[in-house]
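Take this structure first; my questions come after.
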Amino acid sequence: MIRFDRVSKRYPPGVDALDGLSFELDDGGMLLVGGHSGAGKSTLLKLVAGVERATSGAVLVGGQNLGGLPRSALPYYRRRLGVVFQDQKLLFDRSAYDNVMLPLTISGFPVREAAARVRAALDKVGLGKREKALPIMLSGGEQQRLAIARAVVGRPDLLLADEPTAHLDAENAADVARILVEFNRVGVTLLVATYAQELFPGARRLLLDHGRIRP
Amino acid sequence: MRAWLHHHLLSAALAWRRLAAAPINSLLSLLAIGIALALPAGGQMILAGARQLAAGTATTPQITVFMHIASDQAASGEIRARLEKHGGVRQARFLAREETLARMKAGPGLREVIEALAANPFPDAFVVTVRDETPDAMERMAVELRKWPGVEHVQLDSAWVRRLDSLLRLGRTVLLLLAALLGGGLVAITFSIIRMQVLTQRAEIEVSRLLGATEAFIRRPFLYHGFLLGLGGGAIAWMLVAGAATWLRAPMAELASLYDLTLALAPLGAADSALLLVCAAGLGWLGALFSLRQSLGQA
Amino acid sequence: MRAWLHHHLLSAALAWRRLAAAPINSLLSLLAIGIALALPAGGQMILAGARQLAAGTATTPQITVFMHIASDQAASGEIRARLEKHGGVRQARFLAREETLARMKAGPGLREVIEALAANPFPDAFVVTVRDETPDAMERMAVELRKWPGVEHVQLDSAWVRRLDSLLRLGRTVLLLLAALLGGGLVAITFSIIRMQVLTQRAEIEVSRLLGATEAFIRRPFLYHGFLLGLGGGAIAWMLVAGAATWLRAPMAELASLYDLTLALAPLGAADSALLLVCAAGLGWLGALFSLRQSLGQA
Amino acid sequence: MIRFDRVSKRYPPGVDALDGLSFELDDGGMLLVGGHSGAGKSTLLKLVAGVERATSGAVLVGGQNLGGLPRSALPYYRRRLGVVFQDQKLLFDRSAYDNVMLPLTISGFPVREAAARVRAALDKVGLGKREKALPIMLSGGEQQRLAIARAVVGRPDLLLADEPTAHLDAENAADVARILVEFNRVGVTLLVATYAQELFPGARRLLLDHGRIRP
């Protein structure tokens, strides 16, 4: 379960990205975060991913207050998440295959099983035949799908996706949304920041406006 | 545990691949480190040669005691007895004046001169070796002997000892200075290289952290990188020194022969070689460690 | 044209800022370069000292010609005349046997011996200095003189000359080797640093190219960077050498006094200093150039 | 004028990104390029920008065949273009201001005038108050707008934009589209690859399908 309790985030120069935000998301649930550019969507996801820390308030994930997590415990917390970053954060000097392999290597996953998992993840996003390509050889949409493959390869309990369908045409965007929703169906908690809310019909929504919930 | 071992292997392999990925660059770095290490190692070799030389020529610094030319045998006997009793004296060899004369006659060039002499111009003498061969102790001994009855002159060859000593001391100081400077240089070089590597791998480090990599996981390949740089540099230094030993042997031999010395330059022995490699690898590792401290923070 | 000049200024400033952005790293790089340069520069200083020493002690290698002890004044006059006519002789000083005897008596220790002599044991002698002071020429001259009538023995002090010559030659060789090695080391260090810089600035280089930057525009800051590294390293080397000169002055003086020599270590002169800085900066620039060739391609 | 004459582009592993493509775009015109992810939109723009070269066929810009342009002339050609790259290509160690200043520095623009131009460009995309921020301090949409400011600051004759409205909410996307259309109105030739064709009403369209024009 994710619970935000009056969470505020102020970035150093004095930008209030989130302002007293409270909400809950049950295990296995799905939540879409919307709002204008600069509304605080990415910041919300970064707080859950432990990339940023709240300035005030509590961010609880699985009952654990992330603000109180010691630095040395953070890596182990992150290994349980799958994150699609808005700027993708692919490694441009590694092949598609190696990019998807990276989280498995980091968590010390047995090498033999890992290869099969990586191939399965690449197949799922339609990049099965491009595993040797460097990211630079992929189109913008293909890079986006590669980032999604990397996020799901570790079969996380909690999946965070920041604009996962940006750079995708309608057909591919629908495919990606379907993949994410499928994960949610088998029990993965899903938190998506997106403008394309129509791709996730029936999901719960949270609309941000300058760091607050728009009622 | 197995994953941990596996990652150590992976890290070493990764460090190796990073070195191999930029072969010219790596080679130049290794060369720079090798040169930095070759200098004190080479200096050590030369100093070892010099010390051996010193051991060959100045094993036993001597004090020569000349009796007064007019002193008689009784006086010489007295001194001889005193020397034999003296605790600081290791050995005293008596040189009778007759013996000296005979020897001198046998020597080249002086014969005519000596044969023309009316009387034996040489005094009795003792060649004394002492237990404590430090320059100061010998100086004190000479002062003491000078006061004994019938002794005309005491000649000390500690000047030569002192010279050599001073030379070797200077050599050691310079060598230490050099080793410290260049050991520091090695740390500086690996520091720079690893820092730059960290900068180039910034994206990878950032992404790895976001995906849950521990600090140890991130640092390991860089530490291996520094270790390998040091080790490789040490190996190159070893080869440079061995090469220099071979290359310098001829001119050194020529030089030594002019001075009637035997000065042999031996390449580094097994122990010295091992020390060189271990120090080099350790310093490389240390440079990497400092570098990571600085660029990735304390943790 | 103004834009071009402006960009040169900007590039130099940018290179400077890149150095200043990582002060510890830059300092360590500069130190590494400085140490690499300090060694041949210091060697040069020591060699200069040694050469000056050689000049002080062995300005005029001499040949001493001893007449036969039984030869008369006429024979000596004959030889004197020959020496004066000889083209290879610069100066010949006659040492009459009486004069030698008188001198020897005045010297310490020998007085009693000599006073006991029935006859003057010393022969007439000439101290000859020659025009061509190379060891070979002196050797040839000695052979020639040995054949002259009434000459008993010719003593050549070219052995000393040869020793010193050989020592200095060895010193020069070692120094050249060192300078070449460490000059290469400097190029290697700047090569590495600039290559790493290029790697860190990859994004900036790529974007600049996409926005229409020429190759010269892209390379200029890196070349300035190499230049500054070399120059700074040279300055550090200069300071290290000056420091070492000060620090070594006392032990060197002690050593020299034992040998009754005057051996002064002077810090590098203006010309040598300028040469050091120019070479260092040039090598730094060269290292950067090679590095850019390798990492950015030929153009 | 831009003219493609049976242009094909094959990337090394054997991917045909463009296949015998021909079209024309008059000076001062506007053309939208659409198509699925991987259809070849970015490749088309890269050929015009001189980032890639055609495998066969001719790409003519202003009567000049880019295939015949010597390498040393390329920089001067590029200075006349404004390009919004799909992956933005911002410099993350420079402030927003410096990012926008870069093209002016490169073309040797007089320093004093340059500052005013940079400020004007930042104001136009609504980042006037964020000029000191590093790109990392900007939200995804703000970064996108920064990339647009950099593309237009040099007042190019030809503006290429690859997914300029990705990462933008509807309002901001409309703003950006309006800015681009305004440039086109004052005579700048405009070539945009986008899924959001509805933001540019009435513009000419070119729909790609696996590197060919879909009729």
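All chains are identified by letter, namely A, B, C and D, in their written order; residue positions are counted from 1 within each chain.
Here is the rule we go by: a contact is a pair of C-beta atoms (placed from the backbone, for glycine too) under 8 Å apart; a residue touches a chain by one contact, two chains touch by 3 or more.
Note that the structure is predicted; figures quoted are calculated from it, not measured.
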| item | value |
| --- | --- |
| Label of the chain whose CA centroid is most distant from the centroid of subunit D | B |
| Rounded Å distance, subunit B centre to subunit C centre (Cα mean) | 23 |
| Cα-centroid distance, subunit A relative to subunit D, in whole angstrom | 29 |
| For subunit B paired with subunit D, centre-to-centre distance based on mean C-alpha positions, whole Å | 68 |
| Of all residues in subunit D, the ones touching two or more other chains | none |
| Chain contact topology (line, ring, star, complete or other) | ring |
| Interchain pairs in contact, sorted by label | A-B, A-D, B-C, C-D |
| Touching residues on subunit B, where the partner in the complex is subunit C | 22, 24-25, 28-29, 31-32, 35-36, 38-39, 69, 112-113, 116-119, 121, 159, 162-163, 166-167, 169-170, 173-174, 177-178, 181-182, 184-185, 188-189, 191-193, 195-197, 199-200, 202, 240, 244, 248, 251-252, 254-255, 258-259, 294 |
| Subunit A-touching residues of subunit B, taken from the complex the two chains share | 3-4, 6-7, 10, 203-204, 206-214, 217, 299 |
| List of subunit A residues in touch with subunit B within their complex | 49, 51, 71-72, 75-79, 81, 83, 85, 89-93, 102-103, 105-108, 111 |
| Contact footprint of subunit D on subunit A as seen in their complex | 11, 13, 15, 35-39, 42, 86-87, 132-133, 137, 139-145, 162-163, 166-172, 195 |
